[in-house]
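Have a look at these structures, which come just after this line.
Two complexes come next, and they have one chain in common, subunit A, joined by subunit B in the first and subunit C in the second.
After this line comes the complex of A and B, so read on.
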């Protein structure tokens, strides 16, 4: 069985743990519990008759005072950079996280998730997404997600999966 | 074998659970209960690939290799096993390769030790949680402050725009009011000019008749020509007074109050006489004040006009306006009294407010401007009160 390591990074309280929980267990909790260190979840995906083991790394969120632990990123095959669409500061940090990933030894697919979209009007979310794309020109793929409602989560992981095995656009 | 025994003596007492792996990352030894530190309770057994049980090692093969090669010291990987169990996984070099010297360290095995750090990590997690929640609150507060600032700026723009509109509106109304004043003054001049024009017309007719009948001698001619000069001089004076009145001075000057007010009365008295309104002026003729004489005149005119309008709305047999001048505590006081019935009690406190008027065609500007001219431009005071059968305005300067 092939294993693929996916890391989720981003500022604290952007919903990384919730996105993973939604994807792996299809569950959601409103309670906020800060992650420290790393928590690894597994989800096996059947891909064209091949079973792939997804190892999804939920990494402690970064803060202006504390950067993420780069050793957690080693050997990753894909990355999801998560921002909270309601918090401009987390959108501003996207570029930094993308650059950290791009400084690694190999170029891996990176997808951006603008999470918590359920908290704002869809048209406003689209405007913010467009603004982020213009401002952060290194973003290849961007998803509007809501771990609470589940929107965009499955599609985002699926796209990242395709990109990791070389079928992405 | 001795080392192995020591090793077992230490770790098999369950101080730490452990794996021992070889250079192929295969498990070659493990403690009894080490499986509790593996995700989903993976079953450990000899020759199992360590990555199958510990995905936390995935991707750090190179780091592990560096420990095998003696290039890297031991290191720690903190991870969450199952909430809220926090574990520190320590990677240590194990048995040294026999073929290498002491200076060139190579290791046959690595020891992976597990330490349950839930107690300390929970405290750490609480601190981080508290810090993050505080940061979120601060962010929210900053966001609210930004919104408030933006709202205030927007409100300020609205207020500024409204002030601008009001100023423009006030200017327009002032202009209209001024035009109305000019129209009124032209009416007064017309009245003033009618008498000399009639006189000139009569003199001209007389001179023509005398000339036609051959009775125009030099003396009669000179007397009448002189009379025409007098009449035209009077008309010219009227126009000069009018011009002076409507050309406000830009600098403050000292001026005699009685003379100044007399000029206005000269201009308006015919109009008032025609409406059976008596104007009286008395008081100290030596009072000199410092200010803008023409603006002061317009204040007097505005008050007189209000009295006149009140009389026209409710005329009676003896309509009188009395203007008195006096000194009081080093200040000049001019009172303008009328017997036009007074100002209704419910509006007297707002009579100077902008756009306050009781007249159908009033602008509500005259008395507001009057108060502003006296109090803002000349540091004086303009008051009003009701007296018996009328109103009394007092100008302190």
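After this line comes the complex of A and C, so read on.
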């Protein structure tokens, strides 16, 4: 079985832990428990007849005062950058996180998740998504996700899985 | 010339000139193109422009043309002048390595890793050996049943006791081994004792990697990166052995021996040397790695001998035997210790006596007391000193037999040895409070200066100094100065006779200073008594009182045997005050002028 390291990064309280929880446990809770350091989850990612073992590193959210610990990002095979669609500040931070990932020795697939889209109108969400897509041209794909409702989560991980294996280039 | 030629000449006049000019130019040109030096001269200024132009416009082709040659060029140059190249490269090397360490640390680590381990363990084991020796020495002195057991065990196994000390509780057993890709934290290989597979091995290896990163970020103080070496939990330990591209995590119950630790380092460096490149490119697909080969290298870790503590029943019998023999040994040991303590005390005693004998003090003598016999060894210059040494031993420790092996030597006499002996003797004498003496040694003449308390000592010192081998002439500038008396006898009002306590003071003086032999001891000195009275009452009466006091003191001195001639009564003193000090007799030394 092939194993891959996936890292989730983004500003604090954007829903990283919730996305993972939705994906791994298929559960969601409104309670906010700030992640300290890193939490690692394991889930096999399946599509068609393929299966890979995902080691998912949930990294504590960055704040203006504290940048994330780059050593956690070493050796990652795939990356999901998460922003809270209702907080523009987190959208602006996307650029910084993507740059950090691109500084690594090899270029790995990066997917952007605009999370909490259950909190706004779909048309508005599409607008924001379009705006982000224009600015970021180095990412593989952008997803509108809702960890609460579950939309977009599975598809996102699946796509990332494919990218990490090298399919769907 | 015919008409045709003249016509030709006239018609082609201009052309002729042109032609001859052309001929001239052509000749010059031909000459130039055949002259290599000239060609070079002409082309040189253009050369740079030519190169520049080529590099700018036809870079790729240029490179293609030149690159095959470059490596040959370098080879030639390096072979020819290694030292020069080295000198040129040397200043850059430091920075180059620094840069490499900064950006591609792991590559450097992997390159050096196989060598570093051996380098460091060689150095450390050398340094550690001293520590181990120290520990061993300390351990020798402890004495408990566990200690005895351990000592015996160590002897049987042929291992140093301190190593056994390290594994006192249980011997360490490696339960599980993980080989983990350093950057991503993904598991490469898992090995288990007893084929008990850890279910969430991938999670464990990822978490371990996260912990390593976490600790480094929060605990490392400077830009240095350090490694987590081990994680303790209960009676188990997770050891981490880290290289550039990967690391080993070993779950061990108990402690592993230092030599096992070294083996682990060695095996890891072998794995890194051989498979380092492949491992660093690991992308999560274990089929890309030669797991079988790597696994076979790790298997030996699980073949550790099982040194469990033996079952209770057999150890009990052993304990009893050990206790008995321990007691016996203890008894014998204790007795011999006591004996050697006694002997040591005797030796010390004798050596002290030697030290306090100034003549002997100069010469190195040794005493060894064994089984009631004192063995004397050393060298002295006179037979007389041999005998003195023996007699001292007889006096200090009468019930010892004496084996006198002190030899006579003719000492080598140099100014240095003489000086040393003079120094030593002077030091001994100066250790007495009442003696202050200094010497000067030039041109084989010794001059002695200082103060000596009495004539006996005076004669003695002259004798000993002159006896020092190599002293040919001795000039004495010493003088006898009796030790201070500073004694006052104080009286009550109107008292002039001596009471018992006052008499005791005088008794002590006579005894301590041996005043009966004053004439010989303190040649040139006498006692001076001054009587004091206070001013209360008539002057005449007080004078009389003071004089009487001094007289009575003199009388008493004489009655004790002090020579009358050597006690002199000075003019009495009447003091204005009326305290006790004003009613006294003062006793001091006075030099008798010839």
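Some points to look at:
As a working rule, the second predicted complex is superposed on the first by the 160 of 169 C-alpha atoms of A that agree within 3 Å, B and C clash if a C-alpha of one lies under 4 Å from a C-alpha of the other, contacts with A are read in each partner's own complex, and residues count from 1 in each chain.
Please note the rule applied: a residue touches a chain if its C-beta (ideal position, glycine included) is under 8 Å from a C-beta of that chain, and two chains touch if they have at least 3 such contacts.
Predicted model only: the values in this text are computed from it and were never measured.
On the superposed subunit A, the two partners subunit B and subunit C do not both fit; they clash.
In the superposition on chain A, A:95 makes contact with neither subunit B nor subunit C. In the overlay built on the shared chain, the residue A:2 is in contact with subunit C alone; subunit B does not reach it.
When the shared chain is aligned, subunit B and subunit C each come close enough to touch A:37. Of the two partner chains placed around the shared chain by superposition, neither subunit B nor subunit C is touched by A:151. In the superposed model, A:75 makes contact with both subunit B and subunit C. Among subunit B and subunit C, the chain that touches a larger number of residues in subunit A is B. Shared-chain residue A:136: touches no atom of subunit B or subunit C. Of the two partner chains placed around the shared chain by superposition, subunit C is the only one that A:52 touches, whereas subunit B remains out of contact. Only one of the subunit C stretches 21-29, 75-83, 111-119 or 327-335 carries C-alpha atoms that clash with subunit B in the superposed arrangement, namely 111-119. Shared interface residues of subunit A (contacting subunit B in one complex, subunit C in the other): 3, 5, 37-38, 40, 42, 55, 71, 74-76.
On the subunit A side of its complex with subunit C, the touching residues are 2-5, 37-38, 40, 42, 52-53, 55, 57, 69, 71-72, 74-77, 164. Residue ranges of subunit B in contact with subunit A, taken from their complex: 39-40, 51, 55-56, 58-63, 75, 77-80, 83, 86, 121, 124-125, 128-129, 131-133, 135-136, 139.
Residues of subunit C touching subunit A in their complex: 181-187, 200, 202-203, 206-207, 210, 213-214, 216-217, 283-286. Those residues of subunit A whose C-beta lies close enough to touch subunit B in the complex are 3, 5, 12-13, 32-40, 42, 55, 60-61, 63, 71, 73-76, 87, 89.
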